[in-house]
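Structures are listed in the sections that come next.
One chain, subunit A, appears in both complexes that follow, with subunit B as partner in the first and subunit C in the second.
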Partner chain A sequence: MSTTAPPLSRAGAAARGRRPDRRKPADNVAGWSFAGPATLVILGFSLIPMAWALALSFTDSDLMSPGRNVGLDNYRALVQDPVFHQALRNTGLLVLLYIPASLAAGLLVAVLLNRKVRGIGFYRTCFLVPYIASATSAGLLMGYIFDRDFGLMNGLFVKLGLPVQGLLSSPSQAMFVLTLIFFWTRFGFSVVIYLAAIQEISKEVLEAAAIDGASRWATFRHIIVPSVRRMTVFLAVWGLIDALQFFDLVMTTTKGGPASSTVTIVYYVWQLAFNFFTAGYGAAVAYVLFVGTLLLIVAGLLFARWKGAMR
Partner chain B sequence: MKRALTAAVAVALAVTGCSAAGERAAGPVEITIWHGQEDESAKSIEKLVARFNQTHRDVRVRTESGGATADGMLPKITAALASDAYPDIAYLYGSWAANVARSPKVADLSEHVKDPAVGWTDFWANEREAVTVQGKVIGFPAVVDNMVVLYNRKLLAKAGVTPPEPGWTWADFRATAKKTTDASAGVFGTTWAISGGEEAVWGLWPMIWQAGGDILSPDHKKAVFNSSAGQRSLDLLRAMTIDDKSVYLDSSPAEKGQKLFESGRLGLFMSGPWVLPDLQEAGIDYGVAQLPGTDGNHETVSGPDNWVVFEHDERRVKAAATFLSWLTAAEQQLVWMTDTGSLPIRESITKLPGYQDYLKKYPGIDVVSANLANAKRIRPPTTKYPRVSSFVADAIAQTLLGKSDAKTALDQAVAKTDAALAVPGS
Partner chain C sequence: MRRRLPSGWHLVLAPMSAVTVLPFVWMVLSSVMTQGELNRFPPAIWPEGIDLGGYRTVLEGSDFPRWFLNSVIVSGAIVLAQLALCSMAGYAFARIRFIGSRVTLILVIATALIPFQLTVIPTFLIFNKINLTDTLGALIVPQLSSAVGIYLMTAFFQSFPKELEEAARIDGCSRFAVFFRVVLPVAKPALAALAVITFITAWNDLFWPLVATSSEANYTVQVGLTTFQGQHRADWPAIMAGTVLTTLPVLGVFLFGQRRFVQALTGAVKG
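Let's look at the complex of A and B:
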């Protein structure tokens, strides 16, 4: 490799954002041969399908026959669609309950697991196992536990002298039950992330706090919570995406019933595209979800920055 | 970026181009079938395909499960059609036929089935109806079934009720369920699904038909299931559920109900022949009866499933028709039925000598088979049916949970259905 300009000045020019440097074709080939496969994967599996889905959302396609262009009609229709509104409410409830619960419980359990006791590896594993278990098996198992007539949960209520609950058979309770199941299968992830973050906190800080006579609560409130704030932002965003895309447990437990009380946005998208043969409309709902998720994440990150959690 | 895109498209075109050219090669015509079967059924169909390949030189059939069970075949085939990677034959539920037939890639076998060797009129009438969409024959009948009532002999005897007789009525059904129920022992008279799927809905249709009602108007423009027939039907279920407390409401897609029956906690179970192998394995002493009737009408609902043929080129369509007419012929069907416990799809099968052995192998199957005569109608073959079904599922759940009376719930479902049916196009 012989270059006319010394490497340093080249880098300098690029950094200052001046005239783009002229690379040799051979460099291009080498570069693309590294980036090419990944680019193709991203193009093929993300960007092209996304563009295709956007185009689909302006048609009345059923995926079987070529659809007609209907402009924004799909988007107009969903403004008035009662099932879509119900799906928004159901998913919103899940998000509002799940994110605070998973952050609080995740941090609490992580603190409890951050000790040197015998068999700590076993306890840690216990909390991660539900996360690893497949949604199908979790859904089937929980479907039995939360059954109204034969479930363990109502059996427990009866033992404790409490009234029998409708649980998965009740339109007003089913979504709460699914939220609880979702929480059970997911919060192990928060535990792992928080645990790693807590172990990163330097010993000196904790020792200094101990010497200053900080109580356990003060240590938790003023050292641990601020130290893991970046992870909190990450987990909140991750949990938001996870909850907004909630689908699999609905599919394996209630199929949206009873009386549409557990239809979530993504379950509705699935129904529209693959059950009701209105893929164009389904794509429109999916795009509303996509844009909504994006806006929520941006708003969340701006809030976090304003609060100083992203420094 | 643009260049990369062009390259990707070029590669994709080259790949599809290659496979298209390969088809023209000499030798036997190769076709692929996505059978969607599991366990015993999968083994049986693969055995039959191997036999076909041995005896036929000019056609070579490759089996694939399609990576999906019969339940999940529709999304799979939709994706396959969109990406031009579809099989020649796929196993698809009859209720999907109207939608699938909208694809221009679905073959038209109307001419092929006129061949006397096919014996088209030997298939039951409702099967032929289910595989014909607006005059176009899109495949061959694959499996037929119908709804019957399975009952637990021991539980009924314990409750002191006589097993259902062929001429039993709705009132008998209600009384039997009520007497069998024993809350303290965790025993229910019968079960109904209140999940959001078709499993919650299809049992209501035969009741409405029996009472003289229908689902949609003949032109499929209006919903009529809120007629007095509809109200009487749903009201019976409501009374059994809420007044008698004899119905276990199944929040899952009808899976828990079956498990209850298998574990001896359910007196009567409305279901079909597909559960018989499971019941035998569970060792339940069961009996089979036709549906309870009203005014002597014991009509049932059936869900004929199809082997739908997709067109690649004329040779392959012809090969697919050849294979399917062999597969659905009486001799092959008897093998399939004996392996899987499914029902005869042709009348002539019942006259084969081996048919008696099949009846012996599956106790109760004779009742299910005779019940085919009660399967007079199919669910409306419109692309909107799945949507209609979801509205009715909600109405049923509202009523059986006591949130609404039958009339209000059905009226609401009809209003929603009419709105959905009024949307033009698909």
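Let's look at the complex of A and C:
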């Protein structure tokens, strides 16, 4: 969102500036009475809680009472907390697998869907269905399909003569299964965004490439991939935010188990605050995740800019 | 330009889309199976007959109808509020020069980067302080407007020709009259896109309703379904019937407003 903010406000200034006039008092009243309510709700439910969460992270609040000031104790405790480390590893694994997979599969499917074939609209719809279904539905459904004892997946393995797998009941497999389910529910978004970007590539460029005898791969590599670069950066940032907030599917399938093998950072925040009633500590974990996310995004955008400059 | 037969692509596209959608097809099939068909290994792929036991358990043996109604109320209220508040705000940011408009817009859009898990604990404490937790109101109020909604509407009004409004202004209409009588009727496509995306988000939300409600009477479908699974561990047909009923409204809205939904997604990215 933030990456697109500056052009919008610039366009707004240009649209408004037919005359470089002074603001009229009546416009201030009208403007704020139009924009005030919506702005108040958004800023009220983001900036105030954000400041409050920071204050909370320096206390031992149990959610019901304000708690004592404990300084940096919560942040110090984080460094030693094995579940937090596990949550970081699990979330990191999800991010590292999900982002490249959703970018690659999203672009591939978008390219496949960008053609005039009868029934193409039906195919496009299919890829979005998992995206609009709730994580609760997807989690319950997939939780059953990937169930160790009754699930369809193990049924399929047995039919194929393969050994039965632990899947969601196995500490070593559960996070990978969840990553696969997450990918299934989310990658339709990358398809839609890439498809819109590909459809904007000018026909002349593609025709010129065809006349020059460019192979399909060359067209993909040298025209399509560079043309959708902006969307790739956006989708990587969006995917990062999305994956770091992974919660719903964990809640409806494994509840963090077996043996903390699927505890993600946000699931841990929820547990700390609303299950274990250590809200102060939960706020500290949430803050570390937030600052970490921002740093990763800034690093990613700088990297994208640097790569852009190298071209 | 391609000289290929279209059927060649179906061989690639059909299996790929099948993999994404077949789980949902099986969700519907399993919801009309018997417990015996699902509680064996491997489970049945195709139901022997249509058994509505699962649906009966959900609709008559649980609070599901209540949760469904709660979800309708909460999502409906959120959609109506966002249509009104976000379109008004978007119009102001796109058209009216007022003190602080640019800074406020940037600030509003920047809040999209603040993850909910950061604000959820204090938000819960705010509602706890005013004794509003465990009410439907607590589920509605934080979502009365959204950064994405304001952004979408601002972008829409910026690309919207001004002539119509200016004519009305010259005729002496007030800003409010212009907005409600002249602008809103022509903004229907953007409002439809906003409504579709807001409904799907609100209906599917789990985190906040899970935190904010504690008595079963105030659950939304998503929260209810999550607890339902815990209480009916082995009753898979009932759980599947619940997921089918929970998915139907978003699927209906999506199929009905797919074009608008895609516009909203791609519009929010391109700006």
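Note that in this section the second predicted complex is superposed on the first by the 274 of 311 C-alpha atoms of A that agree within 3 Å, B and C clash if a C-alpha of one lies under 4 Å from a C-alpha of the other, contacts with A are read in each partner's own complex, and residues count from 1 in each chain.
Here is the rule we use: a contact is a pair of C-beta atoms (placed from the backbone, for glycine too) under 8 Å apart; a residue touches a chain by one contact, two chains touch by 3 or more.
What you are looking at is a predicted structure, and each value in this text was computed from that prediction instead of being measured.
With both structures placed on the common chain, the touch criterion links A:Y144 to subunit B and to subunit C.
In the superposed model, A:C126 lies in contact with subunit C only, and not with subunit B. Looking at the shared chain after the overlay, A:L244 reaches subunit C, while subunit B stays out of its contact range. After overlaying the two complexes on the shared chain, residue contacts for A:L63 are found with subunit B and with subunit C alike. Of the two partner chains placed by the overlay, only subunit B lies in contact with A:T278; subunit C stays clear of it. By the document's definition of touching, both partners, subunit B and subunit C, reach A:T39.
Residue contacts after overlaying the shared chain place A:F182 against neither subunit B nor subunit C.
Legend: residue contacts after superposition of the two complexes on their common chain; A:T254 is shown touching subunit B, with no touch to subunit C.
Legend: residue contacts after superposition of the two complexes on their common chain; A:A174 is shown touching subunit B, with no touch to subunit C.
For subunit A, the partner that touches more of its residues is C, with subunit B and subunit C as the two candidates. Annotation: subunit A residues 32, 39, 43, 63, 140, 144, 149-150, 274, 279 touch subunit B in one complex and subunit C in the other.
Contact residues of subunit A toward subunit B in the complex are 32, 36, 39-40, 43-44, 60, 62-65, 68, 140, 143-144, 147-150, 166-171, 174, 253-260, 262-263, 271, 274-279. Against subunit C, in their complex, subunit A makes its touches with residues 1-2, 4-5, 7-9, 11-13, 15-16, 21, 23-24, 27-28, 30-32, 34-35, 37-39, 41-43, 45-50, 52-53, 56, 63, 109, 112-113, 115, 117-120, 122-123, 125-130, 132-137, 140-142, 144-145, 149-152, 154-156, 158-159, 184, 188-189, 192-193, 196, 207, 210, 231, 234, 241, 244-245, 247-248, 251-252, 265-266, 269-270, 273-274, 279, 282-283, 286-287, 289-290, 293-294, 297.
Subunit B contributes residues 1, 4-5, 8, 74-75, 78-79, 81-82, 99-100, 102-104, 186, 188, 194-197, 200, 248-249, 251-253, 255-256, 260, 265, 383, 386-387, 390, 393-394, 397-398, 401, 403, 425-426 to its touches with subunit A in the complex.
The part of subunit C that touches subunit A in the complex is made up of residues 1-2, 6, 9-10, 12-14, 16-18, 20-21, 23-24, 26-27, 30, 38-43, 45, 85-86, 88-89, 91-99, 101-102, 104-126, 141-142, 144-151, 154-155, 158, 175-176, 179, 200, 203-204, 206-207, 210-211, 221-222, 225-226, 229, 236, 239-240, 242-243, 246-247, 250-251, 254-255, 258, 261-262, 265-266, 268-271.
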